[in-house]
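Notes follow once the structure below has been shown.
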Amino acid sequence: MVIVFDGVSKQFPDGTRAVDGFSLTLPAHRTTVFVGSSGCGKTTLLRMINRMVDPTAGRVTIDGDDIAARNPVELRRGIGYVMQNSGLLPHYTVLENIATVPVLRGVRRAEAHGRARELMATVGLDASLARRYPSQLSGGQQQRVGVARGLAADPNILLMDEPFGAVDPLVRAELQQELLRLQREVDKTIVFVTHDIDEAFLLGDQVVILERGAQIAQVGTPSQIMENPASDFVASFIGADRGKRSLRLKQTPHGTAVVDAQGRTQGMLDDTATDSAPRDGTAP
Amino acid sequence: MSWIIDNLGLIGQLSLEHLRQSLLAIVVGFVVSIPLGYVAWRFTPLRGTVITVTGLLYTIPSLALLILLPTMFGYSALSDLNLIIVLTLYALAILVRSVVDGLDSVDASVRGASTAMGFSAVRRFFGVELPLAGPVILAGLRVTAVSTISLATVGILVGVTNLGYLFTNGLQRRIIPEVLAGILAVVVLALVVDLLLMWAGRLVMPWTRGAASRRTVSRATTVPVDVA
Amino acid sequence: MNLLVDAWLWLTDPAQWSGQFGIPTLLLQQLGYTAAAVGIAAAIAVPTGWAIGHTGRGRELAVALSGAARALPSFGLLILLILVLGVTRRPEAALITFVLLAIPSLLAGAYTGIEAIDRATIDAARAVGMTRWQVLWRVEIPLGLPLLIGGLRTATLQVVATVTIAAYVNLGGLGWPIIQGIPLRRFDQVLAGAILVAALALVLDAALALAQRASRPRGVRVLSRRPRRPLVSAAA
Amino acid sequence: SSGSPLDEGSGEVSTDTIVVGSQAYYSNEIIAEIYAQALENAGFTVDRQFNIGQRDAYIPALESGEVTLFPEYSGNLLQYFDPETTARTSDEVYAALPGALPEGLVVLDQSSATDQDSYTVTAAFADEYGLASIADLADVDVPLVLGGPAELAERPYGPEGLLSVYGIEVGFSPTGDTTFEDLEAGTVNLANIYTADPRIETAGLVVLEDPEGLFLASNVVPVVNADVADEVADVINQVSAALTPSGLVALNVQSTVDLMAPADIAAQWLADNGIS
Amino acid sequence: MVIVFDGVSKQFPDGTRAVDGFSLTLPAHRTTVFVGSSGCGKTTLLRMINRMVDPTAGRVTIDGDDIAARNPVELRRGIGYVMQNSGLLPHYTVLENIATVPVLRGVRRAEAHGRARELMATVGLDASLARRYPSQLSGGQQQRVGVARGLAADPNILLMDEPFGAVDPLVRAELQQELLRLQREVDKTIVFVTHDIDEAFLLGDQVVILERGAQIAQVGTPSQIMENPASDFVASFIGADRGKRSLRLKQTPHGTAVVDAQGRTQGMLDDTATDSAPRDGTAP
């Protein structure tokens, strides 16, 4: 499912040009992250993929088909969407929330609930929470329900709009790891929106740094961007100008520390590591 | 007080009649207020008009309305239909505003989420927006119920019999317990209906149990009339 | 339409503009009862409401009592009070009735006004070293004023429409043309009375709406546009 | 059926069901209840449409057939249809009624019981100024304030009638349902009170004579829809024959002093008078 | 102004034990950062310093004086407090907000406003904003007003409770830099609360990592903690277990990149830097 933006613009009725001539190809089975400051047009871009917003110029295609020709309600039922603050329906239980789209599509209730239970396991939710209402869950649990709901229709495309913006850093880190795992498992085309550059670098195969009006400041893999910021704006955005990305080595009694330009320790150099596979356990 | 004991049958009958008239008005008002409220909420230009017109109703003395409406529209002032029409109008004045406020109170992100999942507009209204507006509408409905039951007593002044009979009759006969019984019966009816509505709300909206959000309460405390 | 014309003729008849039952007299009576009742109710309900809002205590009781007060049928209460107090105390009976009518809205306006203030704001006021009284006078009351005036609006509207029944017990007011018109089946006069009451209510409401707008502290005005006013919270 | 004021009227003129109406006046309601029970005892189906306010409210209902039988007061009824009437005595009024009533309404036999408007003062006030007749009020040297229902201000026998017929000027106070208390309390010194009010007796009030015939004599008289007049005449005439002036006061006493319900009063009265 | 917590506990009336036997010395003229997950008791600890919360056991002393003996209102007027979401009074202008404490203390209005204008400059607020209301400011500007208000009474102690939690990452970085500058200038005892470990490491001279009930997991300088996490909890909290602190070097065409255990680039090794002074401009 390759998504292509082709000269897309969006001007809202009040005159705001949220997106101005945006063109980009989002490769299939990869995660593309849109990152940028508040109001730069990330959400608008995302919502053009499921026709929650229709472009005023240009077109969006999925696998070559112009989505403007698709029935919006049908289209949406085939695209998973995970919103900031989870966007759960407060009057539905966890199970009902996850099963919403299958039920809308006419899947039998019992069947849809059965599948919802499986998805709860997939996103790491305890089965005992099935009958709870969203207000009875913690923020992190709500986000997991949101992700499960996004997956319920088994869509090929998953849109995620700052899905972890509202949770605690510890929980957030956990959810990010969970998503990395899911990404490997479910193999979908994921479009992820955040304004946290570290999150973008962590999750994105392709990272798109946006300026106001959804102007592309730089596109590339995290390493490409960090190693070679395309402009002062990008450098400032990724923290390079504050010395955050400009690191030095420092010897300490416990090993070699990596410190930033201000002398703040960023981590420890792992001299023993020989490959790039993720490792767990504490730092050395 | 012996008057009350001797006339429990009468008080009971009048209470039933009173309840019948009030409940009819409350139910009809409720049913009508939902489309009206939806229209006012959905089409912003109409909002001011609908709310102003229903709000205006509030300022017309009920007694005058009870006399004038039958005269203008040529139906009998004596039938309890007359009273029920007037009570329904007053109920609308409160409820339309509540429905608008209730729909306003639905979190935009929830609305967006349901659209994104592929709810059609109609299904979204009945499946998401209306239930979520429920707590605010219920608060309005409870206020409506109490004030309708209390207001219905004026019907006696145009010949519609209900608990208001105990007031005028008690006054003519100088039987204080009779008037008192009328007031108590009205208050008890109102509070019982209020309580039943609260319970019904908990039953129909299980997700609101326990977690009574502050936001809902403060919205519910908004008065329906906004003439300005 | 005929009726409207007749009502207009009645209204513009010079005979209605002088004497014991002339419109000016009736208008003053209506305003007098409304002002007195709302004033007395405010004197009772506003400090009580502020106390409830400030301390957070007594809310349940206030809600319960307000609910009961709202259920009281004014017409029956007025009759009862006259029978109990006697005909020479009609004004007192009427005032008590109208005061009871006005209290719930005012009370709710006073305490919801304070309750609706962001807790963080009050917390901040304490944290910078304001005393309890300073918190009340400098933060809670000013920020709660719009909702309080909203409550005042509701109370005034309810009272001014209800004072109509004062005429039923010989206290005059704009209800007089209505109360007299009904047994005489003079609908022009009933309609004219209703128009006068509604017009007065609208004028008062508009004046209070302006006051409400003006009372909204300037910094807050930018945030919320729609003037709101509390009902008795039937909401538990 | 019980004597509750609740039962509904139908709307269309129906000869099967007699719709009995009453004013929102407890005494009138008792008479209506007597009519209703008497009819029921005689096998009629009866609907009660009680408490319909003032004459001006229920006459249209009678004319339309919404109500088919109503206990009325002859003088007031005549004056309603013919404000210029010169009839004053009980017989004159009764004789004038058929001509004044609109098509479709007829009166049955009138009873000897009267319940008419009067001008009444306290005994002390009457003593002080030697009052026996309305005309004597001319001698009173304090301002006269007349209490009565709101509509009295506009009635032919109201303040204007007093001025034109007796040359007496009075202020007016719309004392409504508390006219008696106001007279007692002294907020008014002249009161429009119905002559069947038992408190005239108990409180020792003085009903002023009316030599100029300001008030028309007003006997209790049944008004009935012409379609059903013949059917109910026997039963209702029997009631009218038995209802006496003191009997009417006694009924009112049972209601206001003994606190009896209208249905019980009616049933007892019918039994006492052997109509059942 | 050395602050000492001595066996302090706080049990709320509903039974929650927010703080359980907390003892710590906060050195004068230094910044101590409390960091921990949501609900671990950070705010409660902070508010015990200005008696917004009174401990149920133990005592808090400032320069050796037990604050339980101090009049709370007086005490608060002498301690600056910057709250999350700024906590500004919405019906006061910027100037009035900043001047609140001096005015409460009886300083003449004109004088207090004059000083408030100076403080606006100190925290980097344009003078033209003086007459605005908080609702007319951006989030970042509001935070600056909050900081200025905290400084207005020229307190020796400044309490800051997640002051930058609600703002955009770019603005947040700017405010953090501003605070680092202020810290050097005003030389106060600062107690700072955050749940962002990076922020804690950036700002803290002494960092206190807390677990539920305000249990101290580790105290130390940022380098001490990063180089030698005291427990698995700390390691996980600072991200060491996710490989975030376990870095390796990788040669790229643009220079030596520092990558984490998962191969994500964290920054570039700055071979030219010879000292730890902050540097500006873009990355090399």
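Letters are used for the chains, namely A, B, C, D and E, taken in the order the chains are written, and counting of residues starts over at 1 for each.
Just so it is clear, a residue touches a chain if its C-beta (ideal position, glycine included) is under 8 Å from a C-beta of that chain, and two chains touch if they have at least 3 such contacts.
Heads up on the chains, UniProt names are A, E = ATP-binding cassette domain-containing protein; B = ABC transporter permease subunit; C = ABC transporter permease.
This structure is a prediction, so every number in the text was calculated from the model and none was measured.
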Topological distance between chain A and chain D, in contact steps: 2
Out of curiosity, which chains are bumping into both chain C and chain D? B
Most remote chain, CA-based centroid, reference being chain C: A
Suppose chain centres are the mean of their C-alpha atoms. Which chain sits farthest from chain E? D
I want to compare two interfaces, B-D and B-C. Which one has more contacting C-beta pairs? B-C
Cα-centroid distance, chain C relative to chain E, in whole angstrom: 49
As a quick test, compute the distance in whole Å between the mean CA positions of chain B and chain E. 52
Within chain A, the set of residues that touch 2 or more other chains is none
Which parts of chain B, given as residue numbers and ranges, touch two or more other chains? 157-158, 168, 171, 174
Quick check on chain C: which residues sit in contact with 2+ other chains? 82, 168, 179, 182
If you go through all the chains, which pairs of them touch? A-B, A-E, B-C, B-D, C-D, C-E
Where on chain A does chain E make contact in their complex? 37-38, 168-171, 173, 177, 195-197, 201-202, 222-223, 226-229, 232, 235-237, 239-249, 252-255, 257-270, 273, 276-284
Going by the contact rule set out above, which residues of chain C touch chain B in the complex? 3, 67-68, 70-77, 79-80, 82-84, 105, 108, 112, 115-116, 150, 153-154, 157, 160-162, 164-165, 168, 175, 178-179, 181-182, 187, 190-191, 193-194, 197-198, 201-202, 205-206, 209-210, 226-236
Note: in the complex, chain D contacts chain B through residues 2, 4-6, 9, 11, 24-26, 29, 49-53, 57-58, 61, 64, 66, 177-178, 255-256, 259, 261
For chain E, which residues are in contact with chain C within the complex? 50, 52, 73-78, 81, 83-85, 87-93, 100-101, 104-105, 133-136, 149
Touching residues of chain B toward chain A in the complex: what are they? 107, 109-110, 112-120, 123, 128, 131-132, 134, 205-207, 211
